[in-house]
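Structure record follows, encoded as C-alpha cells.
As written, the chain order gives the labels A, B, C and D, with residue 1 at the start of each chain.
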Amino acid sequence: MLVIEALVDKVIELDNQIFLLKIHCPEIANSIKPGQFLNVRVSENIYPLLRRPFSICNVEGDYFYLMFNVFGEGTKILASKKYGDSIDILGPLGNGFNYIGDYDTAVIVAGGLGAAPFPYLIKKIEKGKNIISFIGGKTYREVITHEMKNISIATDDGSLGFKGNVVELLNEHLELLKKNKIKIFACGPNSMLRALKEFCLINNFECEVSTESAMACGFGICQGCPIESTKNQDKYLLVCKDGPVFNVRDIII
Amino acid sequence: MLVIEALVDKVIELDNQIFLLKIHCPEIANSIKPGQFLNVRVSENIYPLLRRPFSICNVEGDYFYLMFNVFGEGTKILASKKYGDSIDILGPLGNGFNYIGDYDTAVIVAGGLGAAPFPYLIKKIEKGKNIISFIGGKTYREVITHEMKNISIATDDGSLGFKGNVVELLNEHLELLKKNKIKIFACGPNSMLRALKEFCLINNFECEVSTESAMACGFGICQGCPIESTKNQDKYLLVCKDGPVFNVRDIII
Amino acid sequence: MNIVDLSVQVGPLNFRNPILLASGTVGYGNEMSEFLDLNKIGGIVTKSLSLKPRKGNPPQRIVETPSGMLNAIGLANVGVEVFLKEKIPFLKKYDVPLICNIAASTIEEYVECTKILTEEEAISAFEINVSCPNVKEGGLQFGNDISAVGKITEKVKSVTRKPVIVKLSPNVSYISEFAKIVKQEGGDAISAINTLVGTAFDINTRKPKIKNVTGGLSGPAIKPVALAKVLEIKQKVDIPIIGIGGIMNWKDIIEFMIAGSSAIQIGTLNFINPAAPIEMLQSLESYCMKNKIEKISQLTGSYQI
Amino acid sequence: MNIVDLSVQVGPLNFRNPILLASGTVGYGNEMSEFLDLNKIGGIVTKSLSLKPRKGNPPQRIVETPSGMLNAIGLANVGVEVFLKEKIPFLKKYDVPLICNIAASTIEEYVECTKILTEEEAISAFEINVSCPNVKEGGLQFGNDISAVGKITEKVKSVTRKPVIVKLSPNVSYISEFAKIVKQEGGDAISAINTLVGTAFDINTRKPKIKNVTGGLSGPAIKPVALAKVLEIKQKVDIPIIGIGGIMNWKDIIEFMIAGSSAIQIGTLNFINPAAPIEMLQSLESYCMKNKIEKISQLTGSYQI
C-alpha cells in the first residue's frame, strides 16, 4: 500500500464512451492482483476533494490500465488527462479474486462497467483453464466486451444478444455450466449480484463477486464502506479492506 | 455588461513569469475602454469559486489581452489555458481612465503588475500627445516594460535603473514634468499610490489611479469592495463600480 | 402556458416560480437587470435596510474560502428613506414580487422601518433579518435569543398587514425552536439560512483576513448545513420555509425543495453567474416533466425518509 | 537537534509537534503506519470507543459535498475490551502519545470506559467525545447540553489522573460556554471542533444520500467555522485548545495556531493524503525559520486583532 505520483501515458476512448487510462507505474503494475483496486486523486487541487476508487483493469509490463465512463466531475477530469500528466495513486487496495484453485472453467459475469476488472483477471488465469464470459447491459450501448473471451451477451431491451438480464442468460446455459467444475467471477450492479447470488445458491456454484460502496479512504480507516456479513450480524465487513471481492455466500447484498 | 463564453487564442509567457492571455471576443474587444476590467471565471467547475478581476491589458481587433503573474490557484489555472479552451468572462466593468482631455503629456506610472492596464491606454491616447513611462519594481525581475513608451525605470534594490521607488524617480524628473501640461495615470501597490498622491498634491499634478480591492461580484451588488472617499465620509465608494480608476484626490488610500 | 406549473406559494405569498434572489446579493435590482429579465424570476429580496443609512464595515470585507466566501459587509445600505425615493422607482418598473429585508439594532427600529415601508404598495412582503453575524449590535444577539425573535415577530406583525418572513441564523443549537416562536407570534414564513460565522487569518501578518475579524460563510460549502436546518424546521414546525444556502444549480433547488422548502433564494451564485436563474428555470421544468410532476410545489417536503 | 522547536504543550501533555491525527480518521493506527512513521507525529487519537462493540450505522455512511464530506459512521468500534486486547499491542510498538477517544450513551458509560482504560499505561490521555452528531442517544444531546457536559467532565476526571480533553460540538450558539464549564469542572483541554450537522438528498429517489438522514460535515468547507470557534474559545476562556476542522496543508496549521490552538488534529485529509503530516512538519519548520520563530508554540493565540 503506497501513495505514489505516476505518469499518464494516454487515454484511449473505446466505443460507448468507455475510456481506458494507461498509466506508467512499475510499483503498482508489478504488485497489484486482479480484483484489487486503486484510489485515485483525479486533480492536483482540492476539487474534487476525495479520491475515486477504480478497479485494476489490466497490466502490461510497467503500465496499468483503468477502465471508466464519464459519470460525474471526477471521471470527467480523468478523461481529459494527457500524456505526461502526473496522477496521484493510492494502492494496491483490497483483496482481489482467488483465481488460483480447483476449478476448470472460469465463468466471468459482468454487468455494464462491471467489466472493468476482468481483462486482467482473464490474463492471469492459468493456461489450462477455460474461460467463458457472460456480459450484460441495459442496451447494446452498455455492453463492454473489451478483452473478454468466449462471449455471450444479454441486453434488457434485446438490442444485442439474449433479451433479458445476464443471470437469465446464465440460466439458459445451465446444462453447460453444470457439466464443468466452474467458478464464477462477477462484477456489476447490486441488482445483478443479488440475482446471481440466488442463482449460485440454488445451483451450488462457487462464486466470487466484486462489490462497490461509497468510500472515503479505501484502506480501512474511515469505516465508510460497510457491507452486511452473513456470518456475523453484529459487525459489518468493510468493502475496501475485507473486499471488494467476496464469496457471494459471505455477504448480504 | 454581459456574461460571455469566449475562446482562448493563446497564452504568451513574457520574461519574469509574466503571462499574456489572448482571447477572442468581439463583444468585449469592441466595447471595452482602457482602465476597465473583466471578471473572469478561471475554471468550468466550482473551484475556485469566485471570479478573478483583471484589467484589460490590450485590444487588437476582435481579440483582447489580459496580463498576469501566477499568484494563487486562479492564475495558475489561467496560465495553463490553451488554444480553443472556452473561458467565461463578465464585463466590461468599472469606469476606465479619462484619457481624452486637456493635457499634452501622459505620464504613466506603474509598479509591478500595475503595468497591466497601460498597453491599451497608450494605444488609445491621441496621436498629438506625448507619453512617458515610469516603471518601478522591487528588483529588475518585477519590472514590466511590455509595450510601454519612453521608459524610465526604478528598482528598490537598484538592480535596474534608478535606485529607489518610482515616486522618487518621478521627483528626479520634476523639472521636466513641470514644463509640460501633464496628466498622470498610475497603477500599482497601495504604498506606491499613497506616495504618489502626496507627490501630486504637492506639485498640483492631475492624477488618476487604478485601484485594487478584494471583490466578489465586480459589478456593484455585493458591496465587497469599499474605498474611503474624501468627499463624503459617511459612505464608501465601490472600487468595482465607482472605480477602479479614481482621481487621486477623491480617495483615501 | 407551461406544461409544468412552476408557481409556488409561501404562506399568503404567490411566486411565479420558486427562485428568489437573496438579500445582499442583488443590491436593489438595477445591476442584476442587465443580466436577466427580472420579470421572469420568482422574487427579489432587497439588501437589508435600516432606518438610517449605514456605511458598513471598513475593508477588507470579503475573502474566498474552500467552496465558499466570508463576508462582513456590515449591512451597508442606503436607509429606508433613500430606498423609497431612489431605489423603489426602478423596481416598480418590473412585475416581480419585492420583499424588503429589514435589519435593525433595536426592536423599535424594526417596527419603525416596517411602519414606513408598509405604506409603499410595491412592497409585497418583509423579510426580517434577525441573523446578521457582522454587526456589533442586533445581529447575532437577536439571532441567538429566542424571546427577542418572538418579540420582533410579534411587534413587526402588529404594524403591517403584509406577510412577514423571518430570516433565521444557523448559528444556534436548534433552529426549529426559533421557527416555532416565529409561528407562534404570527410570522408567515421562515427564511433559512443566513450565513455561518467563520474567520480566516493571514499567516504572515497574523491579522484576520477580514477587518471585522469574523464574517459570514456562504456558498456551496454550507449547502449540507443549510439543508439539514431546513429539514429540521420542516420536521418540527408547520410553517412555510424559504431555503437558502449554497445553491449553485437547478439540482440544488430540487434538493432544497425535497428537504422542505416552498421556495428558495440564490445568494453567492449571483456574483458568479448572475444569469443563472433563467437557465435554471428551464432545467427545473425538464426535471418535472421527466418525473411527471405537474406542479413543482409538490416537491416541497417530499423526502422519503 | 532541530533549529526550530516544534514541540508543544497542551495543559499537562507534551507533544513532539502540534500534529495529532483525529479520532475516526486513523482507525487504531495500523493502516496509517504503512504511509507514515507514527513515531514522527505529535499524537494519535483513537476512533471513539464505547463500552461494548458498536456495529455502527447501515450504509450509505458517507457522501462527498463541495470541499467536504458527510459521514454517519455511527461510532462503529470494537469496544473497550477488544481495543485493549487486540489494538493496543500494535500501538505500544510506537513511541507516540496515544489519546483514547471515548463516546458513550450515558454518563455512567463514560465513567466506566475511563475506569477500564485508565489502567492501561500506554494511554496518555482521554478525549471525551460529547459531540458526535450521528448516534441516536448521547451524541448531540450531550453536546448541546451544558450541564451534561459539565457533569461528564467532572465524573470522568474523578476516575482518572490522566489528562481529560473534551471534544466539543460546533452545533451550538456559543461554544465558549461549553469550554467554560469544562474548565470549571477540571477538564484539561478542549478539542474543537467535531463535525457540523448536514445532509444531502438524492433528487431521483428523494431519499437522504446518507442512510442515517443527517451526517457530520468535515473537510476544508468547515475550516472558517472551526477557526471562528477556536478564536471564540481563546478569547473567552483560559484553557488549551486543540484545533480541528478542514486542515489540508501546513498553512492551515499555522492559521489554527494563530487563532488560538496549542496543537491541531488532522481528520479528513488522512483519507486523501495519509502521508501529509510528515510533509507538513518540514514546511512548519521552514515557516518558523523564515519568520524567526524559535518555538512553534509561540504562535498559539498570536493573532493581531
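For this structure, a couple of remarks:
Definition applied: a contact is a pair of C-beta atoms (placed from the backbone, for glycine too) under 8 Å apart; a residue touches a chain by one contact, two chains touch by 3 or more.
The structure presented is a predicted model; accordingly, all values stated were derived computationally and were not measured.
Common neighbours of chain A and chain D (chains touching each): not present. With steps allowed only between chains in touch, the distance from chain A over to chain C comes to 2.
Ranked by separation of Cα centres from chain C, the top chain is A. Averaged C-alpha coordinates put the centre of chain A at 55 Å from the centre of chain B. Distance between chain centres (mean CA atoms), chain B to chain D: 47 Å.
Chain centres here are Cα averages; for chain B and chain C they lie 36 Å apart.
Averaged C-alpha coordinates put the centre of chain C at 34 Å from the centre of chain D. Residue positions 46-47 of chain B each touch two or more of the other chains. The multi-chain contact residues of chain D, meaning those touching 2 or more other chains, are 66-68, 219-220, 248.
If you sketch which chains touch which, the chains form one closed loop in which each chain touches exactly two neighbours. Of all possible chain pairings, those that touch are A-B, A-D, B-C, C-D. Contacts from chain A toward chain D in the complex involve residues 1-3, 41, 46-51, 88, 90, 213-228, 234-236. Of all the residues in chain B, the ones that touch chain A in their complex are 45-47, 73. By the touch rule above, chain D contacts chain A in their complex via residues 24-27, 31-32, 34-35, 47, 53, 55-56, 58-64, 67-69, 71, 73, 76, 219-220, 248, 268, 270-275. By the touch criterion given at the top, residues 65-68, 70, 144, 171-174, 196-201, 203-208, 213-215, 217, 219-225, 227-228, 231, 246, 248, 251, 254-255, 258-259, 287, 291, 302-305 of chain C touch chain D in their complex.
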